[in-house]
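Chain lettering (A, B, C and D) follows the sequence in which the chains are written, and residue indices restart at 1 in each chain.
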Amino acid sequence: MLDKNGIAKRIAKEVKDGMYVNLGIGIPTLVANFIPKGFNVELQSENGILGMGPFPYEGEEDPDLINAGKQTVTLLPGASIFDSAMSFGMIRAQKVDLTILGAMEVSEKGDIANWKIPGRMVKGMGGAMDLVAAAKHIIVAMQHVNKAGESKLLPECTLPLTGVRCVRKIVTELAVLDITPHGFKLLERAPGVTVEEIKKATAGKLVIEGEIPEMVID
Amino acid sequence: MNKVVANAGEAIKGIRDNMTLMVGGFGLCGIPENCIAALVKSGVKGITCISNNAGVDDFGLGLLLQTRQIRKMISSYVGENAEFERQMLSGELEVELIPQGTLATRCLASGYGMPAIFTPAGVGTEIANGKEVRNFNGKDYLMEYAFEADFAMVKAWKGDPAGNLIYRDTARNFNPLMAMAGKITVAEVEELVKPGELDPNQVHTPGIFVHRIFRGEKYEKRIEQRTVRKHS
Amino acid sequence: MLDKNGIAKRIAKEVKDGMYVNLGIGIPTLVANFIPKGFNVELQSENGILGMGPFPYEGEEDPDLINAGKQTVTLLPGASIFDSAMSFGMIRAQKVDLTILGAMEVSEKGDIANWKIPGRMVKGMGGAMDLVAAAKHIIVAMQHVNKAGESKLLPECTLPLTGVRCVRKIVTELAVLDITPHGFKLLERAPGVTVEEIKKATAGKLVIEGEIPEMVID
Amino acid sequence: MNKVVANAGEAIKGIRDNMTLMVGGFGLCGIPENCIAALVKSGVKGITCISNNAGVDDFGLGLLLQTRQIRKMISSYVGENAEFERQMLSGELEVELIPQGTLATRCLASGYGMPAIFTPAGVGTEIANGKEVRNFNGKDYLMEYAFEADFAMVKAWKGDPAGNLIYRDTARNFNPLMAMAGKITVAEVEELVKPGELDPNQVHTPGIFVHRIFRGEKYEKRIEQRTVRKHS
């Protein structure tokens, strides 16, 4: 079973040299820590940054320089700044190669729900609907089951949708799965996790073909 | 052109009850602090406010929520403050949530004289309810209308009397877009320079979009999430 | 009867303090010379200038700084530069207060033809179709009659249209006229020109109410 | 990111016969001189060229017309050259004329992932033939589609290895728009600087839109209409 950093580490392996990547809040943010040193990867933040760097050193925070999670950040050499229309423009035009975000639920068709729980205070979708509707390639970082032990990988989402048929890959504490026309296709098991455990934790259609390898994350 | 006004109070003259106002900024970054303070002082009520976020309890648009001057918020992400939540749940405050890119592009559309745009954001979700869906090259898009505000209030780093504006880092965000979408656009700046001091190539918002400009005072520029790393 | 400079001078009287103005090629360009000194007027050039200044002094021409007529120009203090999409954006959004351009024909409904003569080499509409379709206020600077002595103020345009029902005012060598729901309304006569001469030179419906004053241009 | 290629020849690799190419510039201002020269040398034929103008007889796109490499021009204003006129009248060259703002906005739409836009330009004229007309708030608009090119070739003043571009004065024109609309975008620059030397706030075209970049040589920058005034 993976912890948050483990999920982030595994997702980092999907990041290729030369990619432009947008990282959502939470686990996706951690992915930045595990991108191989030699790689030229530029992080996009939808409030208007390409070439986002790490957090500033203490005392060097600049209120005019934040990421989409409203955290103080820095710029790397070669960075650029633009307005929100151009930012979502480059997302919509699929210039951003990879979007990594969290989810409350994902359906076997690739629908995603991550913005609203009926009856609870709704904070809004922010840029999530734009990202999922437009991104070239979407990886979801999420917990396989909720705190009540119920699967979050479902035949159909029960929560209001953020986007339809858009997720391509999911990395959870238990497994790596692709969305295929036949449902969730199990690709890898987390260290120490059995196929049986993944089956039990997956409510949607699960495709298991042949031997499922344990993932290698270091 | 000389669009300079003395202060925020002068700049917001003409804002009346029940008007629609755009307010630039992302979170607390790049918000027109002086205009917001002047609005609080003015006591105008029933505001429909288009802004990506709604501030925090005691800063930004939160100040106008405290005084119940806002009737409706049109935003992509709200509720970093308890008073907002209380008013929304009690029904005092109406809230319309819009995808962030849609919000940005609807402002751009207005500034560029385009009555509507197409975006895939929200297709197949409740956001699409009642909206025209149109397929181009096998992909569905929603048609979303341009929006305009009675007043747009933006914050820039530098400006000149002609209304030319330059923003600094991510304090740019929605500001140049909303600057284009106001029937009257008010800009507050940290530095008001003489005509000719801004490089024409570096101007982000050409003055034609700006109607009034003033130098703002005492910027607090509060940081919402102070995240730092340690020297290794 | 006015010469080209006379037409430009008369049009300059329509320019108000604080206006943003786009000047077409030909006579409209001359208008800039007659805008009162104290006025704050900014000239827009649709290739991406606000705050366009006069021609450069000899030796100071810059190939990177031209107007929409491809002439070398200068920038005034407070100028700004932008791309062609923003330029036509501000035109389309009616941020430009006044557009002054030439025409081959104008109809009594305000239709304008100024880009194409069938059978002749067609060079293109450039920005003219955008300008006439979107401008807040359009003044046409033109000759009242062509070289063959035929009227260019017509019931209907005979040439391919540039835009429909968009012209508001016309200044010719003979007269100033407004487009009204009832046709061309004669407002002023050029010095020494009679109403009768204007009638003869106007093929479209001409509205003449009361005494028509001679224009004052200095 | 390092997108630097050695020269124009490298930069246009992959351009084949019958491709659609966008070429930045307005008149002879801000045109990618080195890319055009390399295209002439390459001998590729049957080009559909999207560019606001078509150059003059012996410079700019005129060079590609002389060699009959262009099959079709999509422009707003053409014919400052005799060879163009001859080819057009003889039917060798196809010409599609588009309003200038429509041309610019169709490029923008592509870069912003919007499949179509609405513009009033051309309503009621022959340009509207076969196009969808739609009324918004009492005004008619044409729906015009985004366009994309196999390659876009642009010219900037300064650039860095990440592909960030800064343009100078009116040499900006269509360049930033076409830079966004190329499946592959090639940028030639007068100065290629090190990463970090460009102010992120001054970048006009973020590098994400640019695939290849090189320092151009021997810019002629010919002036089409030299207009001057006398010292008084």
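Here is the rule we use: a contact is a pair of C-beta atoms (placed from the backbone, for glycine too) under 8 Å apart; a residue touches a chain by one contact, two chains touch by 3 or more.
Values in this document were obtained by computation on a predicted structure and should not be read as measured data.
K.L.:
Using the stated contact rule, I'd like to know whether C-D or B-C comes out ahead in C-beta pair count.
P.N.:
Answer to which pair has more contacts is C-D.
K.L.:
By CA centroid distance, what chain is farthest from chain C?
P.N.:
For chain C, the chain whose C-alpha mean is farthest off is A.
K.L.:
Which integer distance in Å separates the CA centroid of chain A from that of chain C?
P.N.:
56
K.L.:
State, to the nearest whole Å, the distance from the C-alpha centre of chain C to the C-alpha centre of chain D.
P.N.:
28
K.L.:
Centroid of chain B to centroid of chain C, CA atoms only: how many Å?
P.N.:
36
K.L.:
Mind checking the centre-to-centre distance between chain B and chain D? Centres are C-alpha means, answer in whole Å.
P.N.:
33
K.L.:
By residue number and range, which residues of chain C touch two or more other chains?
P.N.:
Counting only residues that touch two or more other chains, chain C contributes 75, 81-82, 85, 88-89, 91-92, 134.
K.L.:
Can you tell me which residues of chain D touch two or more of the remaining chains?
P.N.:
Only 105, 112-114, 119-120, 168-169, 172, 200-201 qualify.
K.L.:
On the basis of the stated criterion, which chains touch which? Give every pair.
P.N.:
A-B, A-D, B-C, B-D, C-D
K.L.:
Of all residues in chain B, which touch chain A in the complex?
P.N.:
Residues in contact with chain A: 26-30, 52, 75-80, 85, 88-89, 97, 99-105, 107-108, 119-127, 157, 168-177, 204, 221-231.
K.L.:
Going by the contact rule set out above, which residues of chain D touch chain B in the complex?
P.N.:
Going by the criterion above, the answer is residues 105, 112-120, 136-137, 139, 141, 145, 166-169, 172, 200-202.
K.L.:
Can you list the residues on chain B that touch chain C in the complex?
P.N.:
Checking each residue of chain B against chain C gives 1-2, 110-114, 160-162, 164, 180, 194-196, 198, 200-201, 203, 206-209.
K.L.:
Of all residues in chain C, which touch chain B in the complex?
P.N.:
18, 20, 40, 42, 44, 50-51, 75, 77-82, 85-86, 88-96, 134
K.L.:
Under the touch definition given earlier, write down the residues of chain A that touch chain B in their complex.
P.N.:
45-49, 54-67, 69-73, 75, 81-85, 87-89, 91-92, 111, 121-130, 133-134, 160-165
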